[in-house]
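The structure appears below as structure tokens.
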Amino acid sequence: MNFLSLFVLVPVLMMVGLFLSKNLTQIRAVAVTGASLLLALAVGLVFAYLGERAAGNTSEMLFAADHVWYAPLNIHYSVGVDGISVAMLLLSAIIVFTGVFASWKMEFLEKEFFLWFCLLSTGVFGFFISLDLFTMFMYYEIALIPMYLLIGVWGSGRKEYSAMKLTLMLMAGSALLLLGILGIYYLSGATSMNLLEIARTGVPAASQNWLFPLVFVGFGVLGALFPFHTWSPDGHASAPTAVSMLHAGVLMKLGGYGCFRVAIYLMPQAANELAWIFIILTGVSVVYGAYSAIVQTDLKYINAYSSVSHCGLVLFAILMLNQTAMNGAILQMLSHGLMTALFFALIGMIYGRTHTRDIRQMQGLMKIMPFLGVCYVIAGLASLGLPGLSGFVAEMTIFIGAFIHQDAFHRVFTIIACTSIVITAVYILRVVGKILYGPAADHQHIDAGDARWYERTSTIVLILAIAGIGLAPLWISDMISDSLLPIVQNINL
Amino acid sequence: MEELHLEYYLVASAIMFFAGVYGFITRRNLLAILISIELILNSVDINFALFNRFLFPGQLEGFFFTLFAIGVSACETAVAIAIIINIYRNIRNIQVKNLEQLKD
Amino acid sequence: MNISIQETVFFLLAAVIVVFSVLTVTTKRILRSATYLLFVLFATAGIYFQLDYSFLGAVQLTIYAGGIIILYVFSILLTNQQADEKLEKLRNSKVLAGAIAAVAGVGITLFLLLTHSFGPSRLEGGEVPVKVIGTALMGTDKYQYLLPFEVISILLLACIIGGIMIARKR
Amino acid sequence: MEYTLFIVLLPFLSFLFLGLVGKRLTPRAAGYIGTVVLAISTCLSYITAWHYFTTAKVDGVFEKLTPLNFTWLNFTEKLHIDLGILLDPIAVMMLVVITTVSLMVHLYSVGYMHGERGFQRYYAFLSLFTFSMLGLVVATNIFQMYIFWELVGASSYLLIGFDYAHPEAVAASKKAFIVTRFADLGFLVGILILSFYTGTFDFERLTSGDASLFAGMEGLSFMGCSVVSWALALIFMGGAGKSAMFPLHVWLPDAMEGPTPVSALIHAATMVVAGVYLVARLFPVYYLQAPDVLVLVAIVGAVTSLYAAIVACVQTDIKRVLAFSTISQIGFMMVGLGVSGMEGREGLGYMASMFHLFTHAMFKALLFLGAGAIIHAVHSNEMEHMGGLRKYLPITHITFLVACLAIAGIPPFSGFFSKDEILAATFHFNPALGAVMSLTAGLTAFYMFRLYYRIFWNKASHRDHAPREAPGSMTVPLTFLAAATLVAGFIPFGKFVTSDSAEYIIHLDWTVAAASVAVALIAIGIATLFYRRESPIPDRLASSLRGLHAAASRRFYLDDLYLFVTKKIIFNGISKPVAWFDRHVVDGAMNGFATLSQRVSYSIRGFQSGQVQQYVMVILLGVLLIAVLALFI
């Protein structure tokens, strides 16, 4: 039994456990046990990974295992991790863990909710550990489908519309993706769909030029690539708290990770040639998302647009195609995942108390719910890139990396992307000022009360992770940076 | 005019056939549609017999085909009328446009 | 210009077929439609007789004219409160489309018929003896039709049962 | 000198402690913990100063010491952010200034903030701010500086908005953060450019005068200016934002909504001089690589200085007057840096600027704390609610007077020495600029005494009960700072802090000194005439110069301009259309796509009607079509 397979096995076992559990207490017990186990696994994996690396193991993927599961098409269940996947697995585990606590007070159909939630986690974890393109794609789909039900059934507002929109757009993306993956497989002449093998054989340069956009856009839809981001505001606004967290926190990272692992890694020549198109798109989406966020009045919309901006930065950095910027991109994925999960968790908690997400109807919440208020401010400061919190590390790495390109095109877009830090400050402070500060206006809100223990657990874990990365970024940055080396070499060949 | 050609018969049966098609397309009443189908079947039967008689006089395939076709059409008519009557019993009508409950 | 009796009969039959076919599908009253169909079927039987397929003509008369038309008339009478209820007014566009399709079909078919040469074709041979027919129906050799015969018989049985099943009161 | 780490670290620990468990403590305990921790920090920094200035001199030049430096984050092989401690004369001087003022403010706040809600939080924020500021000044590299620069901005945001129930305070904190953030954007881009070409963030390498570092930038230009000028100008933009230079000064007057001790700490003595410190820190780079930018610094400083002095003359809120006075004085420091040279006597401006920074920190903190004591007594910021207070607040009165004399530049108060050096350097650089600065100095004396007279003399406004002198915890810092203001001018500053770290003997330029004292005295005289007693002259003057007066009261409409830009252009002009575009065009396109496919589906669904007749029709037509095609083609 491979160590990594546990990441998929645990959620599956959780589903079995949930299936057998009879009441809410048991459901919670199963969910918390499973999520804690996953978190422990992820932390253990980080240590194991660093240990292996320290011991001088230099192979590209560690803890690799390989089994054929569908011989006619030569599809393998092939797993392995490098520093990037380790970071992503850690992120996913943290968010699943906090997501469980954030959905502590599920209102109805708790069992089904957690079942789908676990299925979603299975997909996410499976995606990050897979090395086989097809298996990867399969997990990707596993992660997408539950989203429809989670939003459609447990959501709020225009949930059917949002769920449908989200699913359709992401499915359209994955249709492109499937095409791209098959194209890569057949045109590369590799004997299996293993990423590393395809990277070795290489995809012919001529076919890269049409495969790259397919794959990049396919994953980019999930990574909120402008102009395919519009599922995100509606989807997030309608999704229940834990789903928003997992979706913005992890699922959107699948897009970035995929762009990076499949599109850039396997098709470096096309990436070099076509990057400019996507740099324009992502550069636009960085600023555009930020400007859009300024005028929104729904907390979740604000955060969704902010995600568009931040995820745009991720893709933007990936397209810079150098080690520093890519390192920044991965850090930004981590950081944005944690921040946005924290935001959505807090928004969910605030919504649970005030029953509105309209910032015009809230005021002075800091007095009423100081804990949540302080956490919201911390999340906001992280989002606008305050040093000492994770956002700063990621953004600075990206900007330094992006600036390595000497031509005016890259520089201008880098500076444009930089301006987003000002705009981010504007919309974050606007919200903080409107909802938290000032006198408490609405009398209905006054008895709302502060966070309960499970809510505190959820937010504190996230804040600790954010501050942890922000205060001591070196180990994780170096871990990612080392793993980027083969990929960057592949690009510069 | 020396003698009767195959074509003469075929023209008549073709007109009959397309009259049946016209009826099938335009009619609204189930029975009328069924009647149109009878026309079509008949014209085909005629053709079988004709070809047999004119082109392959020594054989009997067309003859038997016609024979069996008549039998089949009898069956078809019987069942169809049974269904129509049943429908009529249910909805007191046999206009096609009213038969929509089966569709969805 | 000597027109043989054969030809006279044929033209008569052909005229009946054409005229009554068209009338069958154009008349507004369903009962008349059934009646015109009966005339067409009679004419068809006439054609069979002319072709010296007397057995076929007889079958046509008994089954079609004798059986099926009766069935139609009964069911028309059963399903129409007023037997001579007019068929509903048809939509012009639909009629037009049907007419165009039918006329075009006729046109193309006739064009094909009249430009195609069928080779030597003459009305010859004589009456098919019933004995030959009986042997062919009951035999299992080549050009003998026991199997279709049995199939038809089973089909008829199934029809009888099916008809009863469908039409019986529930 | 590794113990210097604790100077920086202690306030951070205090922040963590107060922030996490502050609520469980009584306010008094929290205040004392914060104050005591900072007192330790202050002592350590005094020890450091003593230690440094006595031992670090090698060949008559102060060495740069780096007691601590470790890698915090790697970017590329060459570029990495280090965190560490760099000690050189200006850093040590700033350590002393910051810890001193901060300690005074901590102490003062015990009395001033007594009974305020969130007292513990206040102390936590103060500690955070002190930590950030200390980290900023000891930064070993420009990126560390940027890190703490941002932290300073954030803690300033938290402190200005401390009283978050007040919408004005919240708006002011937001404005302060966003304006400085905008300036920081320039700083960041400047860092990016500079670090890319030089391949280092390190101050020591950057300021070593090694021209080869900048070789990569040679000959590169962008829009008519060399790239290095751009980089340094952008970095200066960052400094200008924090130091409230024109036209990025708009946040500072509004920031007066924060608690008064906060204004004393942040907006008088420490954070606002960060920009000056930044320029001073990179001074060799500016001087050697981009002297044109230094001229820009001087001009911006002079314009700011004059502008703020004019505006300060008509403000009625005493804290606003002080805020504009701060802006004006920082303008002086910038001018000092801008006109300075590098070696020996040329470096007068640099030395003077740092000296002024030092003395200004003391007397401006004193002024703010004094203003705090006054506000504490009369519960208002407006001058018209004051007047005649000298009888009620004797200690405040005396200390305030000392500070006013210092800022007006009357010997022997400290402001005289430092400002005079700046004026001398300016005259040396360019007499016209010197004249402008002298005029500004005169205006400074005028508005400060206007303030002084209207608070302590003039007609007393009606009061329900007599104002009482502030408690000991407030008067002690006042007295201490007043004493510091009295003696600071006699510190042989040139021995310690100079542009080339070599000793510099201050020679007073007596002509300049005499002229400036004369100007100051005349200005004070006018102020005495106008404001000592109630007098109709100011009003008459105001009405005769109505346009100028109105414009100055509205701060020459700059705030309105900013409001126009942010509200009308950014919010209504960009963001709303962008959001609309997103909802209707981008999303509309997606929805339109969905609707289109739905429409197509519906229309295709018509074919699948379930009507056999229709099917037959279509089949027939299809057959015919095929037949025709087969026949004729």
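For reference, chains read A, B, C and D in written order, and residue numbers begin at 1 within each chain.
Keep this in mind: a contact is a pair of C-beta atoms (placed from the backbone, for glycine too) under 8 Å apart; a residue touches a chain by one contact, two chains touch by 3 or more.
It should be emphasised that the depicted structure is a prediction, and the values quoted were computed from it without experimental measurement.
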Per-chain Cα centroid nearest the overall protein Cα centroid belongs to chain A
Could you tell me which pair, B-D or A-D, is linked by more C-beta pairs in contact? A-D
Once you find the CA centre of chain A and the CA centre of chain C, what distance in Å lies between them? 73
At what distance in angstrom does the C-alpha mean of chain D lie from that of chain A? 37
For chain A versus chain B, what separation do you get between their C-alpha means, in angstrom? 67
Rounded to the nearest Å, the gap between Cα centres of chain B and chain D is 97
Contacts with two or more other chains, residues of chain B listed in rising order: 21, 25-27
At least two other chains touched by the same residue of chain C: list those residues. 97-98, 101, 105
Where in chain D do residues touch two or more other chains at once? 617, 620
I'd like to see which chains touch which, written out pair by pair. A-D, B-C, B-D, C-D
In the complex with chain D, residue positions of chain A that touch it: 165, 168-169, 226-231, 233-234, 288, 291-292, 294-296, 305, 323-324, 364, 366-367, 381, 384-388, 392-393, 396-397, 399-401, 403-404, 414-415, 418-419, 421-422, 425-426, 429-430, 433, 436-439, 473-474, 477-478, 481
Give every residue of chain B touching chain D within the complex, in rising order. 21, 24-27, 33, 96, 100, 102-103
Given the complex, residues on chain B that touch chain C span 1, 3-23, 25-29, 31-32, 34-36, 38-39, 42, 45-46, 49-50, 53-55, 57-61, 63-64, 66-68, 70-75, 77-79, 81-86, 88-89, 94-95
Chain C residues within the chain B interface of the complex: 1, 3-4, 6-7, 10, 13-14, 17-18, 21-22, 24-25, 30, 33-34, 37, 40-41, 44, 47-48, 51-53, 56, 59-60, 63-64, 67-68, 71-72, 75-76, 78-79, 87-88, 90, 94-95, 97-99, 101-103, 105-106, 109-110, 113-114, 118-119, 121-125, 128, 132-133, 136-137, 143, 145, 148, 152, 155-156, 158-160, 162-164, 166-167, 169
In the complex formed with chain C, which residues of chain D make contact? 617, 620-621, 624, 627-628, 631
